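Both complexes below contain subunit A, partnered by subunit B and then by subunit C.
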Partner chain A sequence: MQASRARLFKEYKEVQREKIADPDIQLVCDDSNIFKWTALIKGPSETPYEGGIFQLAFAVPEQYPLQPPQVRFLTKIFHPNVHFKTGEICLDILKNAWSPAWTLQSVCRAIIALMAHPEPDSPLNCDSGNLLRSGDIRGYQSMARMYTRLAAMPKKG
Partner chain B sequence: MSKRVLCKFFAHGACLKGEHCEFSHDWKAPPNNICTYYQKGVCAYGSRCRYEHVKASKGNSSASSSSTNPYQALVSDPVSPGHDTRTALSGASPIQGTPLELYASCRPFIPPTKPAWNEEFVHHDLLDDRDIGEPSSIRPADRSICSFAAAGNCPRGEKCPHIHGDLCPTCGKHCLHPFRPEEREEHLNTCEKKQKQLDALKHSQEIECSVCLERVLSKPTAAERKFGLLSECDHPFCISCIRNWRGSSPTSGLDVNSALRACPICRKLSYFVVPSVIWYTTKEEKQEIVDSYKAKLKSIDCKHFDFGNGNCPFGTSCFYKHTVKPGSYTWRHHRPPPRRPPPHRTNFVAMDDLFDVFDPLEGLQDFSAEDLFDEELTSFEMALLLMDMGSDTCDSLSDEEDFYSP
Partner chain C sequence: MNQEDDKGSSCSTGDLNLCPICLGPIVQDSYLDKCFHKFCYTCIVQWTKVVAGKLSRPLPSVKCPLCKTENFSIIHGYDGNSFQQHHINQDFEHSFVLTRGHKYRLQCYYSEPGVVSDIFNASRYWKSRKYLQPNRWLQSWLRREIQALMQEEDVDIIVHHILGVIDSFVSRNEPKSHVKIPETKGEELKALVSDAARPFLGARTDRFINEVELFLASGLNIEAYDAVYMQRLGWSFPGVTSEASEGALSGQTTVIPYLYIFDADSDGPD
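Right after this comes the complex of A and B.
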């Protein structure tokens, strides 16, 4: 418990220091609980998520960093590897390929990379996965762009 | 002659000179307990002084009864560091050098109203007389070098009656004796080694563990201030962090071989972890650390093998010593005994079973199983060993505490 707290505190300081270095990621720790974090990530450019800002929720286990944090999207997103309803993410590094050398910051980076490179072969969102698997790139892109505009962009006016 | 006074460093069990010491290492030799400060007039400790306060005349007579050289009495002065400084010069210095050096080392304890070398000591003239009296009768190699110069700066400069040593390029001190080649060589070698070690230690201070993100050598407890070297890659971790990671339960969905046994950074599979207090910079240094660790383990009897009565799961690739005692199972049958079934809990516990339960725990005192992961192990045994590991991690850490890999 002490170890995870110390490590999260280190990460917190690192995040404060690197705030400007990575403008795509904004990691914020809960005021009262260091095991709860939220992140705002920018949708990568040249993807249907471009221009959107997505919110992630981190629940860090007490055994961290020996066990991976639980991450899910709070913002609705149309992506083959993200559950449409719960926001659960299917990403190997958050499951069996976790390594204690990963940090919350690097997990955010990995999620951005996943947004740019979906894996339709292990889908959590079957509709999205099927569109990609059947080769309907345009269909997937327009759906994803629509949801980005609906859920991840600030309302105009 | 001086051999007759008991060496006070020896008396405290810390004489660095060993048999080369000018003073007696015989417990029967009389200790010299006369306060030389009192004899000279002032002893700052007064009545609290642990040395005898006797008048000069009496002191001289008693001093000369145990030693023909009255200056020897100075050597037993309570806090003189002269002994230590002179060990750096190694070898017994002739009587000539001794008194003056000791005066030199006494300097910090005299109230610093004036620099000591300007002060007119009562014995000063006498000493100089002695020095001038027989200057050429001794070979240059037998003369000791000036300790002031060796320490950095001799205030006497050119006028110093002692030889000024040559500059050591490593430590930057004038401590190389110009006429003793072996001593020079020795100093240069040790100095270089020390410097190298210091550099390595300095370099190690900066190294961070990628698991806890802290500097390994800045951790709070001594047991934690150690690196865990992975056999197959060069990524630094604390020994406790990497062991915790490798020992974390495989039930959490993580694969033992592809995740737990792999380096957290490069995912290269390593079969064992080597503890070290220092981080290496070259492949040879790493090899040296690993070799000395293995050599140390090789000197410890394997508790699993139990001198031929037990079955070691690591077989021939075990890092620990497998000695076959005459009369043991392996000695009689030329093969290890059949594997013991895992201890099962019943209501009725026979005495033997009781021992079976405690045996592995005791055995793991200096055996950390996860260091020695081997393909021979079935996953069940692995799990068992890892469970034992958990209870033993602290012990194994403290056991290795005294082990220092250079």
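Right after this comes the complex of A and C.
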């Protein structure tokens, strides 16, 4: 408990220092609870998520960093490895391949990488996964772009 | 323009002396044995426990949290000369931790040989054929020595093996039997013990034989021998001798200078 607090505080300070260094990630700690964080990440360029801002919610366990944080998308996203309703993310480093050397910041980078490189063979969103697996890249891209416009971009007017 | 910054941000610990697990300054430097990544001792041990706990059985190895290399032990307690090694497949609660007595002996092996060889006269030991009399501290002394060198607690089988070799040598060389040149006797026994110990001690065998010879020649008990040795090395570890005797020398607490020149009949006043 004490160890996880101390480490999160160090990450907090690191985030303050790195803010300018990584413009794609904005990590914010909850005002009253250091175990709750949110992040705003930019959709990677040359993907259907380009131009979108996606919000992630982090719930950090007390055993952190020996246990991985729980992360989900708060912003709706059409992606094979993200549950369409709950925002749950299927990513090995958040489960079996977790290492205590990861930080909240580096988890955000991993999620950005996952957005650019979906894994259709372990889908949480079967519709999205099936489009990719059947080779319908255009179908997948246009669905993903539509949801990016609907959910991850500021409404016009 | 900020290449340095980019490098630093790709790994949050950068090249600072920070533990990748707690992100704090490293406490008790510990290295994994294959990739040599550095962590706090408690951090990497805790992580190993978490990994083992998931599988509920002892692991043969642990993946480095930084580079995923499989590692088989944690190296820690490095003090410039000696270090301790924790094998992943051992139970952490029951793992063997070197006492200060063990550490001091291990450090002796990193010192120049011959530190005390002028005090304890080995050739007189062989000449006077003192080796035919049993040394009642030898077993405890061997155990501590081999424990320190191998960093293993259970070395009984090796100790008994070496003692057996010595005993059979002694019984073959009863006082009445043919008299050879004493020095060759010494070399003969040393060669036998060397053969017995080499499979376990490897490159340290020769020095080990040297130390065994000196201990036997000293005729001292462990405490007294340690005191002389450390005085000669100029080391003063308060409490080392008493701690050393704790495990290895149970029961024998009185220090009797056991010099062979005064010793006509060692089994007298027991």
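One rule holds in what follows: the second predicted complex is superposed on the first by the 157 of 157 C-alpha atoms of A that agree within 3 Å, B and C clash if a C-alpha of one lies under 4 Å from a C-alpha of the other, contacts with A are read in each partner's own complex, and residues count from 1 in each chain.
Everything that follows uses one rule, which is that contacts are C-beta pairs under 8 Å (C-beta built on N, C-alpha and C of every residue); 3 or more make two chains touch, one makes a residue touch a chain.
Source: prediction; values computed, not measured.
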{"item": "Which superposed partner A:D22 touches (first subunit B, second subunit C, both, neither)", "value": "second"}
{"item": "Contacts of A:A101 with subunit B and subunit C, given as first, second, both or neither", "value": "both"}
{"item": "Touched partner set for A:K10, first subunit B, second subunit C, both or neither", "value": "both"}
{"item": "First, second, both or neither for A:P65, with subunit B first and subunit C second", "value": "both"}
{"item": "Intersection of subunit A interface sets (partners subunit B, subunit C)", "value": "3, 6-7, 10-11, 14, 63, 65-67, 99-101, 103"}
{"item": "Subunit A contact footprint on subunit C (complex, rising order)", "value": "2, 5-6, 9, 12-13, 20-24, 43, 46-47, 50, 63, 65-66, 68"}
{"item": "Complex contacts: residues of subunit A adjacent to subunit B", "value": "3, 6-7, 10-11, 14, 63, 65-67, 95-101, 103"}
{"item": "Residue numbers on subunit A that touch subunit C, as the complex places them", "value": "3, 6-7, 10-11, 14, 18, 21-22, 63, 65-67, 99-101, 103, 105-106"}
{"item": "Residue ranges of subunit B in contact with subunit A within the complex", "value": "210-214, 241, 244-245, 248, 252-255, 258-259, 262, 264-265, 267"}
